[in-house]
Amino acid sequence: MNTWPCTQSGSTANACRLSPVTRLVAAVIFVCVLALLPRMAWPAYALAAIMLLLIALLSGVNHARLAKRILLLEPFVLGVSILSLFQPGGLYIFLALLTKSTLCLSCMVFLSETTPFSDIFSALRLLKAPDLLVTTLALMHRYLFLLIEEMRRIQRARKSRTFSNRRSLIWHSLASIIAQLFVRTSERAERIYMAMCARGFNLKGQGQAQ
Amino acid sequence: MSYESKTAGDVAPERVIEIRGLEFTYPDGRKALKGINFSVGRNECVALIGPNGAGKSTLLLHLNGVLPERIISPQRVLVLGMPANSQNLAMIRKNVGLLFQDPDDQLFCSTVFEDVAFGPPQFGFEGAEIDRRVRNSLAKVELQGYENRSPQHLSRGEKKRVCLAGVLACEPGVLVLDEPTSDLDPRGKTELKALLRNIDATKIIATHDLELVVELCPRAIILDKGEIAADGPTLKLLSDEALMLAHGLEVPHIIRHMHPH
Amino acid sequence: MHIPDGFIDGKTAVVAAAVSVVGLSTALARLRATLPPRRVPLIGLTAAFIFAAQMLNFPVAGGTSGHLVGAVLAAVLLGPGAAVLVMSSVLILQCFMFADGGVTALGANMFNMALIAPVAGYGVYALVLHIAGQNLRARLFAVAFASWCSTVAASIGCAGQLALSGAVEWHVALPTMVNIHMLIGIGEAFITTLVIAAIARVRPELLSESSRQDFKAGFGEMAVYGLLVSIGLAAFVAPFACKWPDGLEKAAAVLGFGGKAAEQPVFPSPFPDYHFPGFGNERLSMAVIGAAGTLTAFILAYALARFLTPEERR
């Protein structure tokens, strides 16, 4: 689904030269500082915007993709910030929130465009995140697209056998898709456990988590 | 073509796998295996064929100790002369590599390198040794350079090869494969068969791909409804039309063209 | 309900993050101690499953669509501890990989959707089961009502966090968030219940006692979660619910957003004098609406459970 510019195009762009830990920490610090600035810190926002633009331009990332992803996420930001209009001084608060939020969002989108998630896992492990958490994240990430594919397949199969548009059938259909997906998920989980055992996991009751 | 079971305790050293009267019932009551007896010698290549639901996958899972979940009768399965009990489980898993049918069940790590490197640490290997094994195994399956690739972006054939590499990284003497060429395109099948031919190990292959059986396995065992229906030389079994039809199989084209009737 | 960056201020983010981290740590500690290794892949895969299920739309009133949160679904299938871990993982992945939910807001989002939602939901579920019995109809009723409650509870937390951060005023945030989520909650209840019913029909052993043994919740564990939820709600909601106008205005002045009180709002509030006809007080109206909504949800949940289990007679 996502192609990673760093690993695939062999990009030597600045962003890719930094280790994943550095990138993750830098992005998080950037976002935290930005978010914690006083609301009307317009000069700071301008500076942040310029920094982001420079890094984006220099990094060799696909600009169209980056922009598209940011635009796709804007409605969520708008949805929440609209509520801020209904108070004294609302317009300025709204604009400030919109700006700050969009800048933070852009930074995180940029991070995910340049860093394959498996690198983020290694970064998390290096930062001593708990084993079970990292394992859950890794397994989830590994099987996410597979499960989404399976879900689409089940959906398609259902659609090809459904000839009615009745509301109640839509709900029923949705529920049985999700139920079937869970059944397949738990069966696959059993098989994965067997595959892990076949390669030595949990010998002597002490499994090595990934 | 029945198999004569050896008397208990009399295990010739070259018998790598020995199965005696193995039975298995699923939790829901279905009897999957009803008294299986056979043995496999060092560096033999044996095909396990039969209709769907015959119990092939279930049998294979016993060869590496994944089944049964609770060991009741360890003497039924002997690997390298040792019974499959909890003490010998580590040794058995190190020596018998199992390749699952669906590579997505077996390829569960986030990168190829991590996945191939999953096995060795479980058996006590560390650091540089793990590295060496991973690179070796990837070379054997002709996937050098794939170390940092993510499983999502691999083709099915590539996934199968990564799984094979993961199994080879433990350097097992016995390779057990469940439907290795299923769902592969013709090129993928040819590539995998070539790889298997070059691997030096005892091989037990459950498959529907009768061409593979003819090409790689001098011996075949027909499994049907949980029992062994036949066990003998491949060409002999596979050209016996009555036998094949009786067990939901067909004489493969290769053999028809070899022996025109 | 994912709050992006920039809406949650420092103090709220820190409190929310602290509470969420403790909650997640509790779940991890408990799971590490009690979860059999064979279940580890199931947790990871369920996280992927919840993520995937969240991508499906269901129709809500008037052409709009809603999404599943899935906290109660996870809690019923895997127990509250695993549900906390699963929901946290989903939120973390969404934050870092899809920029869905801000990094500074991660603590707040986790508090709402990975702590209140599964814990309050599971609490309601367990309570209803305790009262109504263990048969399928009771279970479905419990699931339905618990799902609705979890969604609404999460939205209250969300409203509180936004208001405490000064992004949105409380008397706008609470009615908006809660009213919308009382409706969305119905969808969540519907879907979750139908899913559990389908699983019960097709693979009852996934919901059986033996399966649940692996994911049993401990009293200590639930007590910690309850405490954390209370602390969070006290921090985010109590300041508004327990009207301390003088204190709040003083705080507002000190923190620097008191000056705006003098300006006229550019956009008139959609709820200028928010009250139910007949009730003069804003808080009372909200309480009445809340109570009415809860009662309605309760009745609908029971009706749904009955509808799905026609063969069971008491």
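Letters are used for the chains, namely A, B and C, taken in the order the chains are written, and counting of residues starts over at 1 for each.
Quick note on the criterion: a residue touches a chain if its C-beta (ideal position, glycine included) is under 8 Å from a C-beta of that chain, and two chains touch if they have at least 3 such contacts.
All of these numbers come straight from a predicted model, not from anything done at the bench.
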{"item": "Farthest chain (mean CA position) relative to chain C", "value": "B"}
{"item": "Closest chain to the centre of mass proxy, which here is the mean CA position", "value": "A"}
{"item": "Centroid distance [mean C-alpha coordinates] between chain C and chain A, Å", "value": "21"}
{"item": "Mean-CA-position distance for chain B and chain A (Å)", "value": "39"}
{"item": "CA centroid of chain B to CA centroid of chain C, Å", "value": "48"}
{"item": "Contacts with two or more other chains, residues of chain C listed in rising order", "value": "41"}
{"item": "Numbers and ranges of chain B residues touching at least 2 other chains", "value": "108"}
{"item": "Junction residues of chain A - those touching two or more other chains", "value": "117, 138-139, 141-143, 146, 188, 192, 196, 201"}
{"item": "Contact footprint of chain A on chain C as seen in their complex", "value": "2-10, 13, 24-25, 28, 31-32, 37-38, 40-49, 51-53, 55-56, 58-59, 68, 77, 85-86, 88-90, 92-93, 95-100, 102-104, 162, 166-169, 172-173, 176, 190-191, 194-195, 197-199, 202-203, 206, 256-257, 260-271"}
{"item": "Chain B partner contacts - residues on chain A that touch it in the complex", "value": "1, 7, 116-118, 121, 138-139, 141-143, 145-146, 188, 191-192, 194-201, 203-204, 208, 210"}
{"item": "Chain A-facing residues of chain B, complex", "value": "61, 64-66, 89-90, 93-94, 97-98, 100, 102, 104-106, 108-111, 114, 118-119, 121-123, 148-152, 166-167, 170"}
{"item": "Chain C contact footprint on chain A (complex, rising order)", "value": "27-28, 31-32, 34-36, 38-39, 69, 73, 76-77, 80-81, 83-91, 93, 97, 100-101, 103-105, 108-109, 111-112, 117, 120, 130, 132-133, 135-144, 146-148, 151, 167, 170-172, 174-183, 185-186, 188-190, 192-193, 196, 201-202, 207, 209"}
